[in-house]
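One structure is given below, encoded as structure tokens.
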Amino acid sequence: MGKTIICHCEDISIEELFSAVEQGYKDIESIKRYTGIATGTCQGKCCLIQTLRALASGDDRSSPKTASESAASTPLKGIAVKMPTIRQPVIPARIDRIIKAGEKAVKKATGKA
Amino acid sequence: MPVEKNPAPDPHSEPSKAVFDFEGRSLEGIAGEPIAKSLFRAGIRILSYSVKYHRPRGIHCGRGRCGMCHMEVDGIPGIPTCNTPLENGMKIRRQDFRPFFAPVLTAAARRFPLPAGFYYRRFTKPVFLKNLFMDSLRKMAGVGRVTLDEEERLAGIIPDCLGTFDRIKPHYDVIVVGAGLSGMSAALSAASSVSGKRGDASGPQRNEAEQDNMRILLMDEYPNPGGHSIGHQDDSGLLNKRDDLAREVAEHPLIHVASGTLAQGFYPPSTILIAPTGGSIASAQGMKQVTARAFIFATGAYDIIPLFENNELPGIFGSRAARLFLERDGYSLGKTAAVYGTGAELERTVSLLLSKSIDITAVVEAGANPRETPARGSVPESVQRISNAHLVSANGKRWIDSATLITEAGRGERITLRCNMLCTAFRGQPAYELPHQAKFNFSLSDDVLDEERIMIPDEVERRDATGTACILAGEAAGETNWRRKIEQGKEAGEKAANAASAIKETGEKA
Amino acid sequence: MNRTADMVIIGGGVNGVACAYYLARRGMKNIVLFEKGYLGYGATGRCGGGIRQQWGMDENIILARDSVRMFEKLSHELGFNIFFRQGGYLILISDERDYDLISKTIPRQNELGVPAELLEPKDIASLVPGLNLKTIIAGAYCPTDGTAYPYAVLWGYAEAAKRRGVDIRLHTEVLIISRKSGGTYEVTTTNGTVHTPRILNVAGAATRNTASMLGIVIPTKPYRHEIAVSEPLKSFLDPMVISIRKGFYFSQSLRGEIVGGIGDPDEPSSSSTASSPEFLFRYAEALRKTFPALGKVRIIRQWAGLYDVSPDARPIIGTVDGVDGYYHACGFSGHGFMLSPVVAKLLSELITTGKTSIPIDSLNLKRFSEPGLTRDPYVVG
């Protein structure tokens, strides 16, 4: 316990986010892939905005304070603080439900179950 | 047309008991209610564990989005138990399939935090160590499992598309995604603006020809329209307006209301992929591609839980999730709540919790410079208020038992509040998936308070080369005031109808 | 930025960064690499990560074999785990024609040192339990094939290259290349101009456009190929499973996700990287048919990338007659990632010594001006 988890699907702490930036992974697409943030089951619905906030507010990693205290430096603005590509599907889609609703009904009519 | 309740259970019918198996224990719940609710009643609150640090996770977002409540049900991995109905005889278990050495690695990872990407840089040599390391990582990775015993059990099942979903046509003039206040308002104004023949009949007795007349599709993933305006509201004006709008869209001859229908993706220039929500987990429901000349995304907003220590501990959730648990599912996850937030959303949430007889330890107003400081509304003076505070941690082993905050925006004294529920209530993040897929750009808002910074769309309307329009409305456009949401929906509807008829005319000329 | 360089590399994909690394290792100084987005923004970051040696033509078998030998040592060499896992490649055979072709090719693969073997359906069943073998008559399996994490390969090479002094410029697009007197090139980018005697053009599907700035005509065409990935699952699938005939493949990544794709024979050439619902339907159907238990698994993400396809689906590697100091590698037709270590190493040899340790003359651009093209029947997609 005692951790600030920024991405709970992949179990990534805020320290790990800043460590990736320190290692030179500075745009959101690279950060995502290097750390795993926003690549899990929720695809960023719970973590992406926190990640962008944290990057924008700078590297005050001990406790993510109010922006009023850390807004002074935003070294990553413009590179990191950008929405990564949001892909389809919006929520996970089961493979046996990725069927065209109309088409199978036609097969049913022709007797092929 | 009457709003057909898609797969969701009818709340007015007699509840029927369901017996289910949870990891070898036989438990009882109510058929049709969310699996997580039945588990909660039976005392099962930990629904999953995280992959690396093995942290407990409970019900969280209430919308099948966050993954914390995903469990294996009848051999199917990753079932969101927060919004999947319980069925009699279900076999439910946590997806906690760890190799024997996992506890050692978990303990090590908790004790010695490793920098990001350590797994790229450690144990790259010698070969035997690298292979052992990769093999261990591989065994640790993954959540759900694939069971091979029931071959083709689900393959080839005919999709049972239920009710309204089955009748959704492949093309509409305007598609409105999200039937909240702005979405309903948008559908109505689009309907009154589209040119052409109006259908004559209304009411429940509609034939196929009348279905063909419907030019506007209004879809929502929930069984009922209203979005986040469901249930208790301080403002009776809002409730009356919501009910009026719901009635009007249901009766309008040009509007096809498709409840329980989820937009799974926008594929430019003009296709949306939709799927029915709910229904039995064993059914293969199928999906449809629908096209339109104009789209309105009135998809609302998400809760964003602020960053503080243990912010994903079970018992912590956002205000929108709280509304779903209390109003849609009819249960509370705790008896004593601390509420942390700002502005109207904070007041609304406190009022909601009080209306459900939940004790409020304290209402904590975040930060020194919130975006808005509204009237205190109906919240009684007796409720303890702590202003200008900063929440630093949630505490508890398997469920939250207290929250720690620091006053004076993090510079003052440390206060620990006892609570078994922590509700965060901030302005929501506009749902960005469909708009981003429709090429909208987003920028981080420059609010002073970190907790209030969200990604806001740079514009609310886009047209591509073919003239197809995509318009944002309501909370998806960043609007939080309900009257303005309705106004905005109205404008969006007019614009969409105009764009649709412009494309149609161009098409007819060609 | 206004400067000179000994070498300009265009493209921050795996071929670009790997070649930068091998050139630096050979002692070349002052190398600049331009990438218009982030590392792996193009095909490398969008590929399935498969690495196989089962090919039809000697040239491909040899290149892939040597590539695998390099991949095996790469984590150690770069000090960066590329997550190369040799779970094998299982090619599913469902018709006599493929059976004939593959059973005739395996002896040649074995001669060249690739341990491929023919499997009967019962062997396939024990190798990958859960496969639907109703229409499968045989399989070809090579246990030393496998997968790597494309980004890790890219980052590993990039970090090693940077340590050796390579200047990697991200978010920098090449706009104009012009030849100057004295045999140098002026490369104008969105972030300034560089003068250089040598250019390596490895820009994936954009290589053709970059080459045209120098009047070089490359007969490749971009084709969109789509991929989908599932939620992470406990590991259960060792090899990459592919069907050459259907252009269908899937494997389980080290993180547990099922990553796979399927080609569309009717896909027109285009530079679009938009996803489509049609792909989701086609892929889901193929997956359900091939591995029914995967019907219960959920897709969490789909995306698309470009194959740079040459007329004979073989790569175009080397120099161009009459354009001194210019080198390129393109037209990998969907197989660039798996060949990248060996291709990058050969390019570094070619650039620094004018010779290569494995002959690659047959892959020169000029083959297209001669009659008769040979296509490798093992090409997928």
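Going in written order, the chains are labelled A, B and C, and every chain counts its residues from 1.
Rule of thumb we're sticking to: a contact is a pair of C-beta atoms (placed from the backbone, for glycine too) under 8 Å apart; a residue touches a chain by one contact, two chains touch by 3 or more.
The structure presented is a predicted model; accordingly, all values stated were derived computationally and were not measured.
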item: Label of the chain whose CA centroid is most distant from the centroid of chain C; value: B
item: Interface with more contacting C-beta pairs, comparing A-B to A-C; value: A-B
item: Centre-to-centre distance between chain C and chain B (centres being mean Cα positions), rounded to whole Å; value: 39
item: Chain A and chain B, separation of their C-alpha mean positions in angstrom; value: 16
item: Rounded Å distance, chain A centre to chain C centre (Cα mean); value: 27
item: Where chain B touches two or more other chains, by residue; value: 51, 76, 78, 143, 154-156, 265, 267, 273, 287, 289
item: Touching two or more other chains - residues of chain C; value: 155, 231-232, 255, 275, 277, 280-281, 288, 294-298
item: Residue numbers of chain A (touch at least two other chains); value: 34, 40-41, 85, 87-89, 92-94, 96, 98-100
item: Footprint of chain B on chain A - complex, ascending; value: 1-6, 8-17, 19-20, 23, 25, 34-35, 40-42, 45-46, 49-50, 52-54, 56-57, 63-71, 81, 83, 85-94, 96-102, 104-105, 107-108, 113
item: Chain B - residues contacting chain C, complex; value: 51, 75-78, 97, 119-127, 130, 133-134, 137-139, 141-148, 150-156, 265, 267-268, 271, 273, 287, 289
item: Chain C to chain B touching residues, read off their complex; value: 75-76, 78-81, 83, 85, 129-130, 132, 152, 155-156, 231-236, 254-256, 274-277, 280-281, 288-289, 292-298
item: Residue ranges of chain C touching chain A (in the complex, touch as defined); value: 37-41, 45, 151, 155, 159, 170-171, 230-232, 255, 275, 277, 280-281, 283-285, 287-288, 294-303
item: Complex contact set, residues of chain A against chain C; value: 24, 27, 29-30, 33-34, 36, 40-41, 43, 79, 85, 87-89, 92-96, 98-100
